[in-house]
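One structure coming up, written as structure tokens, with questions to follow.
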């Protein structure tokens, strides 16, 4: 078994990357010429990657402008979308045009939380219940302990869920401009060490995580209780604009919503909208977010209303948008440039970024949703000859 | 409102990309120097991106080797992981080492399907029911119609689901080495035009999609019925290896599984494992898959058994792995190189890639799962002094 | 530990019941005077109850008439509702009046299935997959085996679901006028014995049930795939009638539907309607159905449409209505009388009963749904002074 | 259309019931002889039923004794089960014997809540968010208002859930010995009138309920957050007892649990156990509970552990047990006698009843679960000849 070349202490260099690509060529025959073509400085990569060999070059297209009426993001934004799915940029741009001409998209962060959910097992359910009360009564002390490990993380609540002798706690934090998964793990671990040191009566077992966070996966509890930012994009769209730009009507879109809700309830989908994952994944890659969080961030709930004047009120709520404007991949060169393009680089910018992303998502919903409805209009009527 | 520069007919050039970056600098002040540093030839990008401005450079680390015992992937594989999450590559490598030393990971594609789910609304439930029977009776003709539009797509089944006057059909296709979403949309649309031309009795409305596919979102129906490849990775791991490499035991991991299953049922998670989205997202970006499909592909079900000799049987089933080895982003230069590195470039390779990905996912489960269990071991016992 | 008196061979007598009530009085002090007041003949109870002591007298109220426009139930029906929840009978009657005046409720059984879901575990996923193919290829022989044990049960499909090395089969039967749970257990068990006798390669374990039926509990798979009867009630209700009888409007009810759908998606409810369990439980008790099946039968999906003339189309789909018109509790004297009242006693009547029940359920939805909306109208406007 | 006879003011009499039965006979031909045979006094029925015609006589069998080690229920209990499903009483008795011989079943109420969930719609998400803060800040005043309408109900929390411009509040109450649905509706309605009188800024609409309670239906939110009593039954069962009484082993049951958990995750069931609805429905009918609440009360989570000495720890958690010991149907004669039999009649007894019910449910799980496993043992081995 051949081992990947690795150098202690000074592993993130152009030379080591080249040596590993050479190794790859020897063992697999693959010539990583383009992978080896990068402008970024490997010495900045510790903390982001191990056994660095080069980069994936993901094409970025520029969409927009999108007029965002947020509390933090205000005005027109051009949106960098990193994707290889053809038409995605064009389709989102079309939606942005619609929203912008309708007066912009109103975006609001309505909640935020990041969590780690340790589980404590006891000899029986009564000990577990007493432990739950003890946690409630000692919240301030636990909070103080947790916050010893972090400057920006604040413990705001400990949710409790119980099954038999098991007690799941969900430590909810605000985490500033970082996504905060590591921050809350460290803080919760530290707080739990203190809890364990109090020797809870009847305790049998402790684990830092047992599927109630829930990290890197969709869950109903996250949709209910928020993970990351809970952000809403909403707009009122004149019927005339829908006709002009989208070749459909508010009524057609509203009727489709009725069918889609039934479909979402029946198939039990994490999202009753069209494809928010598309816009989010493209922005996540462009701006250095963790693309694995698309698992959680792809959940959404669309709600719309048909106004008496045939205008369409439409909103999308993303309950688990997990993003950052510093830390993680946000300081990588191309990603950082894209954040700058959005005016979202560094501290104090995460709400702004959340608002923009929500606006982009709604643009994508309007575009694909309208395409489905309009296409159906064309094709079904063409076939059925109703217009003849 | 300033418009992004765009040239009809010859838009994908180095010059147009530069002009757009200049535009970005003018309107936002952001200097897209690194975004503009790419080795790929823009003229190959039509079909992948619009309004091209450059690339996101996502660092790739090399993990492995992983010994895969698949039906298509056989032997040792080095794995390119595109990520900016530190420790991810190292952690997956640790899991690969474990699986490899345990004799390898057995990977099997057990089902595959790609679908489009049109909905037909009728005057009442009886017409809808009769339509359902008609669809059953005319399957062969519908299949022939659908397959007129595609060489590699084969319609294998039309599932039916009904609510009141609405009839949702799920057209299930095999799609060869392509992910196939567009292929099945086109084929289904074509078949539906034929269906509509037969003027189904009592029909009121048709739409090509209404949330029963379900595309770019997790759903229980996909977990049940498969979307993309349904692939299993499984391994039997000696307890001694777990102790040596993971500093934990089969029994500790098995006990954790009991808690995790309760947590997954309680929180209603799409995945009772740890973090399959991490490995998948990193491979998706490296190999040109559509990262938005992490929404669906992040679902998984872990099942494990503790053998009488204390060996651990562990498996993970990914019910909706949506990947391709040609088409889409797979022909982009860096992504194509990574596919070559894996021996998975081009036609006839998609099962091999699915097997490797499943193996990588199981490696990640073993690594993070063990870390959680071992850490708890250390920290809780340190705190509680049980070993003293 | 005192043992409940029991006589081999001749246990279902008035005397034994009295002796047991005497025993109860001795050990608990409770005088079961009313429990001991029954008109039914205990000698008819073997097969329905063990250690018989008497009866629960559940009050029955008469609701209706309800005009049902079914394929099997046609005309006006008076509905016996066994309940102790005050206002339930009156509320359902109000809904029945509305539906009847609107021209009746159209009820349709659109699917039916009863299942038992055995699970087969194999050495690995490949054996499990091969077994799945073998099952497909041997369907006719398996069907013949299963049907050896029953006259009225017909095996119509074997669904397959797979996780790792586990293969869940769902044997779907039609069961005539019986609910059929025992029938399908016996038939499936018999068929599985034959399957096991073929010694499936690599098989490690078999169990007749492992949560994929799913019996006496709600599940998404039942909502998708039907358990018992899948029955729809639908009606078109003039806005004027809603105003006159319900003191609300079609528009108000339709708007409430938008909110309710969001609520159902958010809380992940088994039913986006109001309270179908109320009417079903009351009819189940009155007509000798198994009240435990309310677990499954309480699931429902409401879909409504606001017509251009402001009429309201409304439907409710019950995907898992588990009922019978013979067998089980249907032959008990009071229950049998209630079935006769409905014209649903004995063989050949189960579709009729399903239609009536669905109609009753829709009546209840209209009544409670309207009450909520009308009350809100009153109270919120009273409070907020919008009408002043 | 013939109308059911009805007398204002004095409708609940033997005579009126007879007159209605005569009416039934005229219009349907059904002779309600047994329905008309009841010992209960109709004059006690206002508040329980309208248009009374008689009773359903549901056979009651006596099971037990079950040794319960609760905080409120202590000692041996004989259990009245009203059912027409043969073997149910015998099967539960077998499970009670097992639990009793194992030293009894430990039962604990770990949480309790009853809720009503009004929804407030606003002009946009920002108003909705501000309203949420206002609710938090005015909790004490809202609580005071709500509690004006009830002596026993206490408002303990207002949960908040948000989607776009919609704000769902969940008013959580403790309700003493009543189930409390009406109590909390009244209290919440009263509190909401006060809230509305404050004229929340930007409010557009209010409704007292929109699917987030969730009443008479299963939901994930209820499983997470409790509705009614959250009660646990747990026991440690020696392997020898399982062999002797159940003809199976702890290991076989534990292995089955692994499969069942996968099945429950895959089918997305409200309950990973066997059939808790059976025991609960039978006790609900016997003791005058609302059988429609089986919809919610049938949810459960089983967790078990295999001890090193091969003893089996097993628990079942019922998150939404909705019961009462006074009010509703509990004062009906036969039902009240059954409550007395259990020593659970009247105020101050609801925890005791919850504990007994949980214990009964666990008995049923052990019995059916063992039967499945043992049967499989017999049949599969008989067929496969592994023991030969």
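Read from first to last, the chains carry the letters A, B, C and D; within each, the first residue is number 1.
Methods note: contacts are C-beta pairs under 8 Å (C-beta built on N, C-alpha and C of every residue); 3 or more make two chains touch, one makes a residue touch a chain.
Everything numeric here is computed off the predicted structure, so don't read it as measured data.
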- [ ] Kindly list the shared contact partners of subunit A and subunit B, in label order.
- [x] C, D
Task: A-D compared against A-C, more contacting pairs - done: A-D
Task: Centroid distance [mean C-alpha coordinates] between subunit C and subunit A, Å - done: 40
Task: Geometric centre distance via CA averages, subunit D-subunit C, whole Å - done: 17
TODO: Find the geometric centre of each of subunit A and subunit D from their Cα atoms only, then give the gap between the two centres in Å, rounded to an integer.
DONE: 38
Task: Contacts with two or more other chains, residues of subunit B listed in rising order - done: 161, 163, 166, 220-221, 224, 255, 261-262, 264, 266-268, 272, 301, 303
TODO: Would you tell me which residues of subunit B are touching subunit C in their complex?
DONE: 71, 106, 108, 110-111, 124-126, 128-129, 132, 161-166, 220-221, 224, 230, 232, 234, 268, 301, 303, 315-317
TODO: Show which residues of subunit A lie in contact with subunit C when the two form their complex.
DONE: 220, 223-224, 255, 258, 261-262, 264-268, 272, 301, 303-305
